[in-house]
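Remarks on the structure that follows.
Letters A, B, C and D mark the chains as written, and numbering starts fresh at 1 in each.
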């Protein structure tokens, strides 16, 4: 019961907090004062209370997709083991999770395209490209984990009760790296997409949501924040498991570590977004290639691990 | 000189006549040479009838003289008169060369004839065998090197003569009815060919069969 | 004769009768006879396949009918029942859909009007025959009948030269397939001395050439890479109901034959080779098919290429199952087999659904060109929902049946990776998982493109304003299949356990599917959506309609939307070498940088397979033919010379041999 | 059961005499309608009579029945006799419709039609005689007779193309047949070396005493006869006359040439190869026949790719089928040979007769100018497609089974190269035919309206026969391979 309670609090708080932290850290790193930590939270409620403007050309899909995406994001948060204290849910299948993520993308692409806006179109096109590039990396790295866990149940895969050998260290760490790199691309962060430029035509995520406003935008932003924290959490869990191969901390410690890892990733993201420039669109595949390489390493490691 | 060797000589004469036929571009000369050669073969048949005492050969020889040596040349020359074509419009192979080729082919025929098994009756028939193979060759040569429709008919008839002579030599005792049937078929073939030659002249205003190439791929 | 046989015979006579009546009866609407006949036959077939699901029966045609070497013999067993069920399930909505479609499509006059219904009946009949065939000759009889009747159906729009071209490619491919099959069956016969399928030992190393030939023949019909080239020609030209049947059922029939021949008693030491071939061809065709699907601008061509992809997935699953058989790994076999059959069923349903939707759009808009379609969302709401269902299913997105099929395949591959087949097999399996993931991403891009270009955005074409939803019977066909998609997903563990009964394999996959619990996922997601939607709308915020954001410059022209090529350009340029993707830009004008007068962008792609492999073969045949034709030069002297040369040649042979 | 079956001589004589009477009638009567109706009626009676004659052969033990000295009938000959009369009956019935349309369109001269009927009935008689001959000489005469009589049919149109085709047909076939005569002489000579004193041309005697024939002469005889009758059958590379003659003759005559005449020459080849096989040294001759058949199939398949005339196309398809029949003969399977001949004749006659109607409808014989038949006459297009499918050997039509068994037997004989040739030739040929037929059927028509209405009763009936043959051929038909 306590883990459900803790998890619910984390589920409500963490998304807003993550987005707020990234923004704040980025501002501080760039010698700006930055918005308050809870600004995303305020924004959410402000947007909920606003009037919604919907394009004349939009259909019911436009609003449906926002709703569905939020539900999917919540569902994903329930089944993906992004926090070490996440309670067990009814269905925790690896491929279900991956394809729910794809469904989420599908809906966001449709939402972007519905109104026939040129911005939405370009954003959607890029999102589709990114997602197909990222997909092999995500699937392969998680499949590698599934191979060493001999199960595709996420609960079993990310269970600490299972013996962790030193061999698994490479798999976990490379899988974590692959997931982290992939999630940066997937979530339209730097160096793939710059969410802060003023020209929407160059963007992915912001271009896609350009037609959303009011409550619709609130749902979209919440879904995005949830995805962000869940993906970071998932990558973080991989790193924690890598750590777990070497030392075996207590369960309560693990909970704190999982929060810390998320924070570390936020920090890295903020750093990256401060230091690195956005890649040209044509060079994005080169970046994603790193993620895929990491995933391949993980897969190779998993097979080698089987041998020994 | 026995009667038999005389018949062999006549057979060779027929072959030589047909080689000479190749040496002329004048269609009427060709017909004449053909008629003489056919008559010679008929003579061979008659002589054989005498030697072997087979009376039905005499009948065949008679039919041959009447149909192939007299009627056919007459019919063809009438057609030539009707269509007023007397010369080959140029041969595929130059006439002297064609004739020399004929001589060479005759030599080859001699070699080939030696390879054939002897007839059971045991008579040395190299002469007539050579003649018949040579006639076959000459006929084919004539068909291949001449351009007019009439020459082709004459070439075909020469080949036919060769086969007849061969049957006479190698396969003595072919049934009369078969021989007669063959003659009848040849007769009809010549009639039809003549009619068509006539028609070719009417449709195309020439009888040069090398120029009949509308039907092709 | 028992009830299954009676039902099937009844269905046979109904189909034959409706074919004959609709061909002969001189009425305005032949569909009045044929469509109810097809529906009745489909019901009978469904009944027969359900009753006969756990039965093993065989029957043959009465004495005067005999195929020279073998009787016209049929076999009913669970596998055949399964595919019979698939066939009838698809025929049912198609038969309801087709009359209205033909009427709207104005192709019911001339030859096509008179031949459509008889050919359709014969086509369905022959597919049933192929499924039930018990020996090679019966199989080939119905196989050829199926090819020819479907070719006549493809040629429905015979006025178009494009249709003629499609039929030529199609029949050519079929012919090569039949040749391969014939040679393969003859080789099998020489080994076993029996024409019946049960005698075929495909796994026997001595029969390997035969097995490979048969596999090639079936691969051509199934549309596996590199034999898929006929598919993108034939499917778009056929009327939509026919495309639905061809893509939904006919290619499955070829896959069915693979299962029948290579799985039953035919597993042996040579099966490993077959498994490798299947896995490689399957993987390549999945990737190749979806890549080419992505860049198509003809809606039905896109769907045809996507069939190549899905057939590849099924072949991959079959290869995995065969691996399992060879290495005696029950889990691998169970998952692979379940994946293959489930995906056959699933793809049959959603691909037919998509083709019917495409047909509905085509019949309303009279074009399938994605450049000229868009914004049909308000005009055709039912078709849009059905297409969306199909798109979600075919992109393998949960919670529909496409996902379950792919999930089973993933599980199968993971089982290979977990199994003890050395290093190579697991590595290959993981590689295949990576390829599958890529295929999934591409499929998503492809179908989101197809969906938005047809239904979303602002109308590009004035005809959209006049467009209305198609007739009720056409909507029924689509809705039926969309619901079938859902039912297939909801009942997935039931279906998978049925498949395991067919394959006589371990009940591992159905247990795993039950754990996946698709109904639960659907319930949770649906209720969550409803809840959030209620929460948002009950809050009672005002919604204002306004124009799409145009940066304040005033009305956007309808051409200022992302177009087909621009949407796929990033992906296409990624896969430039495979697609031979070229982009030609032309900007002209006096001061072309600032005041361009003519701006045009053209993209082009082609398949290396066609230009570098198939065309040279065709050119070789043409070259040979041209040179042979020179022999027939018309000169009688030449002809006489041939006679003499032949004579000399034969004499030399006679003397020296 | 009697040891030797009796043939009803009266019926036989009537069968032989009827064409002579018809020929006289065709030249003497004035009204074409009367001539054509009587001729088609009598030709069907002939078919019935031949069935009646042949039926006893299939009931009893099936030993050959001598008729006259030099004439004999056995099962194979009887089957071919029935087939020939059937083909002639169908063609002559269709000729009734064909010439009615031609005359109505003013494209025909009465006198020519009369001559056509005269030649056609005599031609059919001489083809029937070929199958009854037991004597090589008689057979030669009959086959040469078919050449001469059918030359009259090819000559029918009397335009430049017809004259050219007739000339080539006459000369090349005559030369070929002359070689066959030489071969016959050789065979006669070979029998004089101990086999039969005084020599013989009777095939049954030659077969009976085959091992005693002089080896070298017999082989030479076989080669010359094979070459000669092969020319007549249209074997590659001696086929050069065939497309010309078949395409220039009027459609009913083309049907007879393709459906019946080719069988005659092939029947002669079969008889000769029987003699060769009986010597116990038949490997050479059967190998020769098999090879030439396989090469013919392959080459004609390639020839089919580039074609410009509708009937030329079918002529090459006939050559392909001749190749198949040669393969069947080379394999020594008489029933298979007959079955292939039967199916080919039925389908090809349907095809040629339909093509005649198509040429009347479109007003051209060139494939390039024919377009949109589906629009002009949907029914005709359908019949054409089905007939083409039937000729190409697709099930459920009849040709499928013999082709399948031929392939199977070739495989069983281990002749894989020939197998490959046949398979490739058939596949290429099928694709080529499909290509041409589809080009013809599709597109928009050049003359907007059909120039004539098709008469498709006979072709449709033939297609039905082909269908029945495809679905109901029992295994005992060839005694199992």
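In the analysis below, contacts are C-beta pairs under 8 Å (C-beta built on N, C-alpha and C of every residue); 3 or more make two chains touch, one makes a residue touch a chain.
All figures in this text were calculated on a predicted structure; none of them were measured in a lab.
Of all chains shown, C has the CA centroid lying nearest to the centroid of every protein CA atom. Averaging C-alpha coordinates per chain places the centre of chain A 100 Å away from that of chain B.
Centre-to-centre separation between chain B and chain C, using Cα means, comes to 69 Å. A separation of 43 Å divides the Cα centre of chain C from that of chain D.
Centres computed as Cα averages put chain B at a distance of 31 Å from chain D. Looking at chain D, one finds that residues 167-168, 171, 175, 243, 303, 306 touch two or more other chains. Within chain B, residues 140, 143, 152, 209, 212, 214-215, 217 each touch two or more of the remaining chains. The list of touching chain pairs reads A-C, B-C, B-D, C-D.
By the touch criterion given at the top, residues 116-117, 119-120, 136, 140, 143, 149, 152, 156, 159-160, 163, 166-167, 170-175, 177-178, 181-182, 184-185, 188-189, 192-193, 196, 199-200, 203-204, 209, 212, 214-215, 217 of chain B touch chain D in their complex. Of all residues in chain A, only 48-59, 61, 63-64, 67-68, 70-72, 74-75, 90-91, 93, 95-96, 98-100, 102-103, 105-106, 109-110, 113-122, 124-126, 128-129, 131-136, 138-140, 143-144, 146-147, 150, 152, 210-211, 214-215, 219, 281-282, 285, 295-296, 299-300, 302-303, 306-307 touch chain C in the complex they form.
By the touch rule above, chain C contacts chain B in their complex via residues 629-630, 632-637, 640-641, 644. Across the complex, chain D meets chain C through its residues 167-168, 171-172, 175-176, 179, 219-220, 222-224, 226-227, 231, 237-238, 240-241, 243, 284, 288, 299, 302-303, 305-306, 372, 374-375, 378, 381-382, 385, 389, 394-396, 400-402, 404-405, 407-408, 411-412, 419, 423, 426-428, 430-431, 434-435, 438-439, 441-444, 471-475, 477, 481.
Within the complex formed with chain B, the residues of chain D that make contact are 135, 137-138, 140-141, 144-145, 147-148, 151-152, 155, 158-161, 163-168, 170-171, 174-175, 178, 181-182, 185-186, 188-189, 192-194, 198-199, 201, 214, 216-217, 243-244, 247-248, 303, 306-308.
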